[in-house]
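Labels run A, B, C, D, E, F, G and H following the written order; every chain starts at residue 1.
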């Protein structure tokens, strides 16, 4: 950040000029967190995020539940990305329990994960729209997202909290005729999101509002350890689906979207490109998927791990790389589960990005960080 | 990277001598499971530099774990950053071991800049003494902060501080993060903090 | 005579009683009209407490469109709202804020507890930082179960709330 | 028609002029000042000068009052409600006011203007515009210079020169 | 007769007054039929996003845009001067446009300076 | 009583008196500005009234110029107030003695 | 608040109440009725159509309703009617209410949803009434340290100022509340009141978000007032009049937008900004400053401000129509009223349909109103449309837009007008 | 000019959507159609059968009172309590059956997975809102009722946009 504070700050009488604003928790522009911003006129001179309004102690509670009953819990941090947030845990648990997953299950997982990524991004986009005062951009993504939610609902039986992935595969097979419906709706969905260009991404007002605001340079993006779309918008080519492919991603053709600018606009455009990529992946996966076969390994009722062991698994979620660190001792419950969540990692950039911005840029910068407070708080 | 070789350790040289800069077959991703040779070379470099001070806990595919004492963790971290090209910390997790009377703090360190390290995670673990009646911030449960080495640990260390009571010396901003402002109980992720009914 | 009847102390009584009489006369029709207005114009306050807000957003999306019932989502200030939809978990940090938000809203106000967490704590019945339901914080009118509730369930909850308002007295407080 | 309106306007104008100076809160004072200005605009209407009246409303009430309000709101809250004056000056001021009012009023009432009234039609506002650019054009240019100078001067004044200047002051 | 033009404008005042007379009862009626509960003093605190407010509510030095208000005062005058000229334009000789152009040129100069000053964000 | 010139002049005289009183008594800079405004308005009223009753379009033109000058004056005056307030944190005229801005 | 008398006895209360009733009746009978009689006796009743308006005339109306027409006609000619109903408040409020409803439905349609639907059985047509009833029965909270008089007065004044704005709008030939020479300047004077009301309301609430919002609103309105004023100058130069009726009448052959599109565009944009409509709704930007200066307004206060906002919206749209789109001018579509229809009604086979209100209106007026309303609705549509399509702009961008681009364009417009005039295309020697 | 074309494109897109069909599902009149009758679990293969995870349904004649569902739920939300039922069901020796508190249940379906006797299903019923917490507790008798299903709306995609038909 190469910003110098307004000279007023050097004065002794600064306190008169500076006003402290509580943005949140009941604020249309904050979500479930509080950002304490200090403004000097129209400029933010200091910003202190205050998360924790949804801290529910998932990690503690995971120590009291066995490997299966943890599943509904660990998807709650990001319910609209629930497959992806569960994914590393399931992978880790599989490694600890020593399970080999059937091929078809892997494909089902990939499809579910990609669908869920789109669902997440659409919700994110909807909120981004409303943060920028674009009510249509809330409604369209929120509506088109339902196309995919409909698919997920057919697949798993729940709209958002699927509890679909289990160690050993997925809970149930695809319903009959799913492939056709899926292809049709995904194609239509892709057509729809292309429409957003005219009204949102190419809209001159949006561009002038988000271009060159909250610039996160490449070095800073790396230094802060940001991840996901934030990182890729700053020009770092890093996507775990390519770099560290899990399940069957190595058999699929995944393209990583990178932008150089690192401003709010780039950060908001990358997810949109990602969605198109996801549509591609879904189509590929539907094609390559074995047409039949088992989707779940039968487990003993209360599986146990071997001994004191730890694994760290990562997947690329809708917000970036999501890691799960599981320490097990020879019990049915994990000894410690730690979710390394992308939202929390991206939060570090927020105070640095907001400093020196105008107050009007706060919502766009904040939400372009791809931050979901519930996930950050766990 | 190769500047470190002028400090050979007393041990025998590691037998696997991969060229340090560009290991084979890591760029094209779809290569099947290979021996964790590259991972071994990483751990060897650390062992080479620090000798007895570090202990390599395991070398698995893509994961290397190193246990360090709390006195050396800062140096090791600096070496990991400067010498091995790792550049960010993905997660900082505390693990409570009441039977050992210690709290382990595990850093998962990754790299964005070095594409050969893209799938690698270096697990750096260190341990702080644990107190049965903790007074967070004012007891012996202390560790040096790594914030000046890896900026990205800032909020993670704050979280570990409030969840385990591990005070990070030198951290500029050791305030409460997630828990309510009036939290007066034990740090909740310790094993002796029992949640109700269990 | 009139003078010593109406003293400053009891002037209020007169005004109040006069109001009562007026109210009696126009209570039925006016009350009905007001209730009708309240039914069709529930503006929820924008307080997101946890992940159920996702489905609350979905409820106002084109597919479910709660605005058909006169419910406008994303309303700015709490001073103009009359419905609190508690969208999920209330943590110990959030509870005082929720209470404050509820307190600062103008009468009449209604509360919908959305999601298992808001009703009983749900998944987090044994968490150290989660309240077991919001009954202890604010009075609840309608419970909408689910985790998260489907938008349909939420809409059904809103319809139940409308039924409840219809049966309420238009003026609960003087 | 004109009489009742005249009286009402006179009361409003003079009353709010007094209020503007005497109300405790500066904000209310500003509002009262707006009342005075509006009252004067009303007089202009009565004098068949609607252009001037609306100009007065648009400029005085629409912009000068806004500027005054804004400045008053910048001032600390205590100062908005603080009254700085002393008794002696006040009485002297009242005396001065009365002397001026009585003497000038006597002069006016005594002079010949007392009986002046007119039946001629009002000036068309287009004449004003014509005057502007024909007869009074040097004044117009002068006015332009004045306005330009004032905005320049005001901006130069109001900006915070530099840091040390301010620090010296504090 | 003096004051006859004023009659035309009185309807505006009438309309203004009607606005007040018609709308004030709405507030009064609303106050009468709405429930009121003053149980909790917290209710009357300023709203601050579910936080108990701190600090003064009326201090806000939004000085960055102060020059715009200063400029408004001056250029408002200019704009309405232009009306005096513009409405009479059909009746005045063409040569008479020159003084106005001179006036405008001066004002443009001032405006350019003012915009330059207000664009410099460090000095406010 | 019909509207005559003298009525307007009397109102104007009253305003003038009030303005002078304000100038003499008040030490609050902003109040003094108010007083000045009142005086200017009194003058304008007189100008327009005379212009109307001794028919001449110059009266209105003069008034327009006068109002414009007043606007300029207020802009500068308020800038002065801002500067002074920033320096002394007060609006008391007594504090402004050393004002050189 | 309410102090209940400590030794309150019901019997006494009833007795006193009865006493009161007795006294009231006594006083009314003894003083009131004679007083009313005397007033009736003294006051001269108006003469309409050669008939003295006496209370007894009402009896004849019951027998023959058509005899009421002259009186209604006379009433319609009064200022009171104009202010209250037709070109004034009632008409504007009706259009404003329609605007709100159309806005919600149209936005919903644009966003692929339904919008208000169940309230009022048919397509949510009564939604607005529901909202109004709710708002009026909602508690009004006055923040503790608020400046109460200003806080109370601001919403009312806001509506009143908007109403004063409406007063200048000519709807049909001769149908305008205030037919004044300097209507346009009057409009500018009235517009100048809104920033003051806004900033006062914001200041009085003693809360942070309203204050920021109020100051933003102030900056915004104030900055856009100058391009607004300048953008209309072109038309004034070409018509040589500030009277809105004359401006509207001058466009009988073509609307000014044909020649001055730049001015129209500038005026449209400034209009959006003055109205705080979506690309420029910074003062109420909910994701930054909650609801801006409306944050602390609750219940009916909020309702009044909304009403005022939409009245203002109508007035601005109407101003656009009057100045640029030719006001009421348009082809005659209303059929002429033959005398026999006026007198006898329309014969439809066996029945004769009397159109009761028809004689009150003239063909001109109906036609003008029709075109006016049509054009206004069209303009309102374009005012509403950006809300669905554009995000919110930022405050510094907004100010620089107003001060550099729009003022520049406004001057371009002025020079275009000047050029047209001096080249002889328009004006005395030209088309008009 | 880029700005102007951008603005015109945006306006054009907006106006175009006014002619697009509405996507709204008019909920109380129309209801969504789901796959199958609800989520079920086949204990023999260990794989579930796709379906909506709605309110549970209990087959009294299959339930043995083995409490496995209750144990499974303990780790999730403690929604299932085993209650005594009148001894009409001969299959159930212990005469206890699950009673589900929907104020707690999170509709994860793990209890269905846990039931080894194919006695607990989930159904397409989701209209569970209630005025009171007690109304959310479903006794075994209530759970036995098969919900009335009139759900037939599905997403239809046509040229003029997606609708619910």
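The rule we apply is simple: a residue touches a chain if its C-beta (ideal position, glycine included) is under 8 Å from a C-beta of that chain, and two chains touch if they have at least 3 such contacts.
In this text the structure is predicted, and so the values were computed from the model without any measurement.
Counted as hops between touching chains, the shortest connection from subunit A to subunit E is 1.
The chain pair with more C-beta contacts between its two chains, of A-G and D-G, is A-G.
Ranked by distance of CA centroids from subunit H, the top chain is F. One inter-chain figure worth recording: subunit D and subunit F are separated by 5 Å, centre to centre, where each centre is the mean of the chain's CA atoms. Distance between subunit A and subunit B, defined via averaged C-alpha coordinates, is recorded as 25 Å.
Rounded to a whole number, the gap between the C-alpha centres of subunit B and subunit F is 74 angstrom. Taking the mean of the C-alpha atoms as each chain's centre, subunit B and subunit E sit 61 Å apart.
Looking at subunit C, residues 34, 46-47, 61-63, 65, 68, 74-79, 91, 93, 97, 101, 104, 106-108, 123, 125-129, 147, 150 sit in touch with two or more other chains. Across the assembly, subunit D contributes residues 2, 6, 46-48, 50-51, 55, 58-59, 62-64, 66-67, 70, 73-74, 76, 117-118, 122, 125-128, 132, 143, 147, 149-151, 154-155, 158, 160, 166, 170 that each touch 2 or more other chains.
Residue positions of subunit A with contacts to 2 or more other chains are 7, 13, 16, 19, 25-28, 42, 52, 55, 57, 60-61, 64, 72-73, 130, 135-136, 139-140, 143, 146, 161, 199, 203, 205. Residue ranges on subunit B touching subunit A, taken from their complex, read 29-30, 62-63, 65, 87-91, 93, 95-96, 106, 108, 112-113, 115, 118-119, 121, 123, 150-152, 154-156, 159, 163, 176-180, 188-189, 193, 195, 198. On subunit G, the positions that touch subunit A within their shared complex are 107, 110-113, 208-209, 212, 278-279, 281-282, 285-290, 387-397. Residues of subunit D touching subunit F in their complex: 2-3, 6, 10, 13-14, 17-18, 20-21, 26, 29-30, 33, 36-37, 40, 43-44, 46-49, 51-52, 55-56, 59-60, 63-64, 67-68, 71-72, 74-76, 79, 82-85, 89-90, 92-94, 96-98, 100-101, 104-105, 108-109, 113-118, 120, 122-123, 125, 127-128, 131-132, 136, 139, 143, 146-147, 149-151, 153-155, 157-158, 160, 166, 169-170.
On the subunit E side of its complex with subunit C, the touching residues are 32-37, 40, 42-43, 45, 47, 50-52.
Every residue of subunit D that touches subunit G in the complex is listed here, in rising order: 27, 31, 34, 50-51, 54-55, 57-58, 61-63, 65-66, 69-70, 73, 125-126.
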